[in-house]
Amino acid sequence: MKTLGTFSQEMLRRIQSGYMPYLVSILHALVGIYLVYTSPRSNIAFLIFISSLLTLYTVKTSAAYKVTAGVLLAVVVMPILGVRNIFYLEILFQICVFAALALGLNIVVGFAGLLDLGYVAFYAVGAYLWAFFGSQQYYVIPYAPGTQPADLPFLLPGDMFYLFLMLAVIIAAVTGILLGLPVLRLRGDYLAIVTLGFGEVIRVLANNLDKPWNITNGPQGITPIQRPTLPPAVVDLFNNTLGPVIGHPVKASDVYNVLFYLMALLIILVIILVARRLDDSKIGRAWTAIREDETAAIAMGIPLVRMKLAAFAAGASFAGAMGVMFAASRTFVSPESFSFMQSIGVLTMVILGGIGSIPGVILGAAVVVLLNLQVLQGLSLYLSQLRQSDAVIPIINFAWKNLSTQLDPAKYQRLLFGIILILMMIFRPAGLIPAARRQRELAVEESGD
Amino acid sequence: MGKRILELDNVHSYYGHIHALKGISLYVEEGEIVTMIGANGAGKSTTLRTISGLLHPREGTVKLEGEDITHTDPHLIVYKGVGHVPEGRGIFPKLTVRENLEMGAFTITDPNKIQQRLEWVFELFPRLKERLDQYGGTLSGGEQQMLAIGRGLMQHPRILMLDEPSMGLAPVLVELIFDIIQKLNKEGVTILLVEQNAHMALSIAHRGYVLQTGNIVLTDSAEKLKKNEMVQKTYLGIE
Amino acid sequence: MALLETIGVTKRFGGLTAVMKMDFKIEQGEILSIIGPNGAGKTTFFNTLTGIYRPEEGKIIFNGHPLIGLRPDQIAALGISRTFQNIRLFGNMTVIENILVGMHTRLKQNPLQVLLRNKAFMEEEQEAEARAAQLMQYVGLTNVGNELARNLPYGAQRRVEIARALAANPTLLLLDEPTAGMNPQETAEAIKLFRRIRDEKGITILLIEHDMRVVMSISERITVMDYGEKIAEGLPEQIRSNQRVIEAYLGRETVSEKG
Amino acid sequence: MQRFLKSIQLRELLRPLGQMIAFSLGSSAVLSLIIIILALILDQTAVGASTMARFKVSLFSYTIVNLPQVLIDGLTLGFVYAAIALGYTMVYGVLEFINFAHSEIFAIGAFVGVEILIALKGREILSTEMSVGNAYWWLILALLAGMAAAGLAAVVVERLAYRPLRGAPRLVPLISAIGVSFFLQDAIRLIESITTGQFHRIIPTFGNFDQRLTFGSMPLGAGSISLGVQIKSLIVIIAAVVMLIGLNYLVNATKVGKAIRAVAQDRATASLMGIDVNHIIALTFLIGGMLGGAAGVLYALKFTRIDPFVGFFPGLKAFTAAVLGGIGNLTGALLGGIVLGLLETFAGTFMSIFTMGAAGAEYKDIFAFSILILVLIFRPHGLMGENVGQKA
Amino acid sequence: GQKPTEAPAPATEAPATEAPATEAPTEPAMVEKGTIKIATQSPLSGGQSSLGVDIKNGAQLALEQLAGPLTEMGFKVELAPYDDQANPDTGVANAKQIVADPAVLCLVGHLNSGVMIPSSEEYHNAGLAAVSPANTNPKVTDRGYLEVNRIVGRDDVQGVVGAEYANSLGVKSVFIIHDKTAYGQGVAEFFKKRAEELGITVAGFEGTEEKANFDPLVTSILASNPDMVYFGGIYDQAGVLFKQAREKGYQGTFMGPDGMDSSVLAEIAGEALVSGGGMVYSTVSGPASVYPGTAKFVEDFKAKFGADPQPFAAQAYDAMAICLKAIEDAAMAKGGEMPTREEVAKAIRALKDFPGITGTYTFNDIGDVTSAKYFVIKVVSADPAKWGENEVVQTLDIAPPSK
């Protein structure tokens, strides 16, 4: 047991020294790319490929190499592989969207220690902002949902999207402040329940503001929502330059997917930058102090409410921007996307990944999205295939066919997800990539026996 | 004196990676007052926490009357007659003063006995009686200290471990506390006392241990310790 | 004009009057102690000065500013720093970080600078860190800058608290039982430190203590409280021999022994 | 001395009862007054006119006529919330974390109770014609079974999913609880669908629980509105009252109760008092779970249909009630429940009329949350909560 | 993950057991021509899974029973069930995964219009035909995509049917409640519109997400004492509402759309459905007497899955049947070769009077059923076991509103 431990440690040490890290990370990426390229619909191939980013993150190499390789993978390789199979692109896009949300929430929960259970409310604000102005909804106001005439004009041109991306940042931040002003005096779980309530309020409003004036179109949702224009030349360019690699002609919709993916990536970069800089300044220190001991913090001259508002507003603003992205990429919004479970999902990503840790939170988002959309779904599909085949479970000689449909694994994804959450919390309570600070905290707490 | 009622043998305790006790061996005989002195962070409180089971050592044994209690849960150790008035007082902030005291008597079932003790504590600390229905958390620092000691007295243990009982108390009360300790001891309670006020601690104790960074560096009778040069300089403030 | 003056400050908790009509003055550059039996209302008085409690009656004037109604952070920004009776460090922050938090009101960086990381910001941060290191040294801490505050021994934590309070460049420093839990040697060092703070930095110090060696050796004046009221005020010698103080607080033996 | 002790304990029994009556009457009176004044004011406006047009009565008389039934309904709902909130409060009080899995514990109780009743109905032991006395016995049996199952489930959950996390940062058990919640939802679903092929259940009709006791009617326009309360609502109220009194007694007047509170505040010190911390925490979960289970069965009785997700919304509401009343405070949970129940019912009934249809029952939750926020602004620790933290 | 290169199934693969063994003119022609997958998307987990799972089950049953002709042609036909979690994000991601799999030629799905609308953008982009068994929201087909079809009526029609029937009953006032879903509110809006046109007083129009406690609504209902209460939504909510309303003394008639069509409604509401003015509902799927296939379906379904089918299960069966038939037609047209997605999509639109178990289907140019049959059905017994005996009180043939 012990020798095995030392052996693996030794291996790790070797991998982490000299040229090995470069070799390992390049090899991993290449194998991933090869696999995805040759079997473009295999889940495993994709997982191998995407985890090469994680390898890249963990190996000990120069920062310049990491950045170059990371950019290469994310900005060049991913879109190409993604256009070959747009499902991959969708997963990448969702990872980016949720990573951005999780990073925003991380500012609120991780940095400032304010438990916000209604975070998607701000996401909804952004989404509905563009949904309203970027669709025909303005002209639908006098009609009950579903009864409006066809062929209404659009209120604004699709290129206003970029303006609204900025605008959403401000409006979501203002919403955050408006909510925060009355409630940020509350401590701990009081705040949690109030934010939860606020999340519900926004969703219920979205669901109900179809009368007396039809602003949100109620449960029917708003569609179509415009996207920024995409000159046909871009599609042609895409086809001409990348056609041979991709293997099939690319449609405008695919290029849109790439566009949104890259935009989401860009927003994430901005968020990371902002989050890190905030954390590493007097603002970040004030947040940590508030998290630790409010009374002591205020006695040190830290204005509690103002600092909390800042955290709320910062977190909210990113969610707002992502909301606009979401509305434009889906061309459809409805209240169902902003349920309480979504807030919980984002919170789960934050804590699973490592609260307060930026790389951790991103990894958390990736893991949850992959689990949800790829791993568990894929497993279910595979089992369902087995059931339709003549395969038998070896040793016990049980035909898959005879498995009760009630045991259909597709139905029990949440059960698995629940178990994964519990186990993760028990065995990695500080998350997948713990923040340096939490690591220190836990190291001591563990011994509490 | 009597038999060794408490015995630590080569005890190593950790907080995570911090090695707080590095092989502590000590004993307490029945009916003794033993004091531990030492600089900040020497490991005095950790020793008490290890004895009362709040912290389990990674190495070494703790024995109570010959019985190994190294890995026994704290509440069981309490039932074996070991009381611990912890550092930082450990007042239940949202229990009233009365309830805090009653918690001290958790192991006692006879209501009459509880009542008797309660009255005794009130006699010692009339201030607590004035504050009977106030929440523990709103007491002043010194009042909390009285409450913590009072609660320890309610337990009526055979061995009472006190962690800096004089901290934050007004001079009059400091004297009172040391009087009480002596009185208890005369009634047969064995005392293990951690104090910064080494002067007073050594003047009532029979024996003493000096701790430094997790090790015992000196042990002797209280009188001799009092005359020890190093002790005088560091712990008695005599230059 | 006095640096800090309170007139008739009264703080009640339900039926209990913890501080009763306190009239109190401290001059610029003084070291002054408040003593009194347990539960006399000393800490509560500190809490009213720093805005944690709002007194029911009375006025508090600091440097010409009325303090009543201000929030604690506003009062801190005006130049009153404090330590706590039960140490309240940010346990999961490092020592340096704790001290940097103490500088909060003195740092000028605004959010825009934080986001842009311009030269002014970088310079200020570097300066702040250098100053934090200096302060650590000043209170006698070495090599613990990157330790988590809560892993430090008690005495060291007290020092960090003082360093954190000093980081704000206060005019008035309030210390609540700063030497509790220290052994005589450490106490002696602490006394020296307090003197230096006053002498070198010109910071006025108001101190609550139960350790008579500290009180008598350092205070220029002493105020005695009992049951929320000021019962005596004066020079150390006057207080030491004040009959009422002896009865309520000092106890006869202490006086005879140390006197 | 003996008599002294006894009188204290009697007080602990009577106090919550008195509080309950006071709260019920008080909040009813306050809300009624507000709504009546509103009605009087709005009567002069377009709102009054539209009411006149629709119901042929003035807004004021419309309000007055409906008010008694609204109060009855609101109080019933309030007691349902209170019953669930008690379990939340119990666990929150000790571990200081929101036990998201409480909704599922609640669902387990409901399912076990209902399954037993269905089985009994299947054996034709239960029927609509059976003697009333017997019906009650069987109901109590189902209630006890639901409590036992839910209590056990709560203890197991604590042992497996929360105990290993003691001492971890606050949010960690929260996520674990969410995991447990997902797990249990699907586990219930799995078991139910394997055994019965579907996973919603409907409580069988038996006894006279659905019967409505009417005590008069109020004239409204041409017709009239009968005033009454269902027997099952009465059962819910009585059970909630018994639960509250029992729990209050346990927590405030017994040694175990004090131990529970001590563990809640400081586990290490509690163990120094001789309290077995693990034991007490398990006990707390047992009690909390049993309360949840009982609430589940009562909920099924009152609202007929259950599924594995049944606990979610009542759970949220109950938690809101607990926060409204002052989290961790038992009487607060009751008061919060009553206030929330009344508010919701008032909003659901009158909002539509008072806004001339612009905003109706769909806004009742928003309304309740807004009130919650308002209350918390003025009383940051809830209606009954006290601010006792560590002093500076 | 799946194996990218699945070994071809053994050549001795027996014909599907369901298919009667009366074929076999060209026995050795059983060469493997490839796998055809038909995907389903519906919520298999979470709160709406009881409906979602039975959509999958209905489709699965159809695939097992009706894939015979395709397997005879030498295709391997597989079901690929996806869980959309009633969440648009998941639905769209799944949709992308589905369209990326070239073996998928048709899709049966979505329960929620909120998921269907964004997901079908993907189907449209990829040319994959989708047949919806449950989405009644007009927007689903109003975009005019070739690939998007549905076999259920549109909200705008069902609501109208309901209002017409109410009028024929002589209803003077109605209180309308809906469940704040795209489906429920959609139907209710159209019911309201038509009722107002017919001169019926709308005494109230309220939405609620409440599932258990309808006391406040019942109070409002009783205050206005309407002749009819119309509920736009699904039976599980409706049952509780009807029961509570009756218990408080409401004596009028209840009505609702096809979301009411479940024996569970009787289980929940019991006597409330037959006392007072009783209960009627409109539906596009007629009872056993009209469509004999339904009875057999219910029987088979129960035998296989151990419980009665939920609403939309039978529609899912038909949606799958339509997929299979269209693929078969397209393959035939190509001489037994694997058809393209586009060919399948066109084949669906080319179907004429396809005999399903819930109706006879022909699609118009936007994917709605031309002239769907609508029924109004009266509940005759409080006993859930007698749900199948409910009586058709009105039958209407209504074409969807032309765009």
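As written, the chains take the letters A, B, C, D and E, and residue 1 is the first residue of each chain.
Quick note on the criterion: contacts are C-beta pairs under 8 Å (C-beta built on N, C-alpha and C of every residue); 3 or more make two chains touch, one makes a residue touch a chain.
What you see is a predicted model, and the numbers here were worked out from it, not measured in a lab.
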Steps needed, at fewest, to go from subunit B to subunit E via touching chains: 2
Selected pair, greater C-beta contact count between A-C and A-E: A-E
For subunit A paired with subunit D, centre-to-centre distance based on mean C-alpha positions, whole Å: 35
Approximate Å spacing (C-alpha centroids) for the pair subunit B, subunit C: 29
Euclidean distance of C-alpha centroids - subunit B vs subunit D, Å: 46
Per-residue multi-chain contacts in subunit D, two or more chains: 186, 189, 197, 357, 362, 365, 389-392
Sequence positions of subunit E contacting 2 or more other chains: 45-46, 49, 180, 207, 209, 305-306
Multi-chain contact sites of subunit A, meaning residues that touch two or more partners: 204, 207-208, 295-296, 299, 406, 411-412, 414, 441, 444-446
Residue ranges of subunit C in contact with subunit B within the complex: 13, 16, 36-44, 85-86, 151-156, 177, 180-188, 210, 212-213, 248-251, 253-254
Residues on subunit D engaged by subunit E in the complex (per definition of touch): 54-55, 62, 65-66, 69-70, 73, 76-77, 80, 186, 189, 196-200, 202, 205, 210, 212, 220, 223, 225-226, 228, 230, 299, 302-305, 307, 309, 312-314, 344-345, 347-349, 352-353, 357, 360-362, 364-365
Subunit C contact footprint on subunit A (complex, rising order): 274, 277-278, 281-283, 285-286, 288-289, 292-293, 295-304, 310, 437, 440-441, 444
Interfacial residue positions of subunit A with respect to subunit D in the complex: 109, 115, 182-183, 185-187, 189-190, 192-194, 196-198, 200-201, 204-205, 207-208, 211-212, 295-296, 299, 340, 344, 347-348, 351-352, 355, 404, 406-407, 411-412, 414-415, 417-422, 425-426, 429-430, 438, 441-442, 445-446, 448
Complex interface listing, subunit D residues touching subunit B: 1, 5, 255, 258-259, 261-262, 264-266, 268-277, 388-391
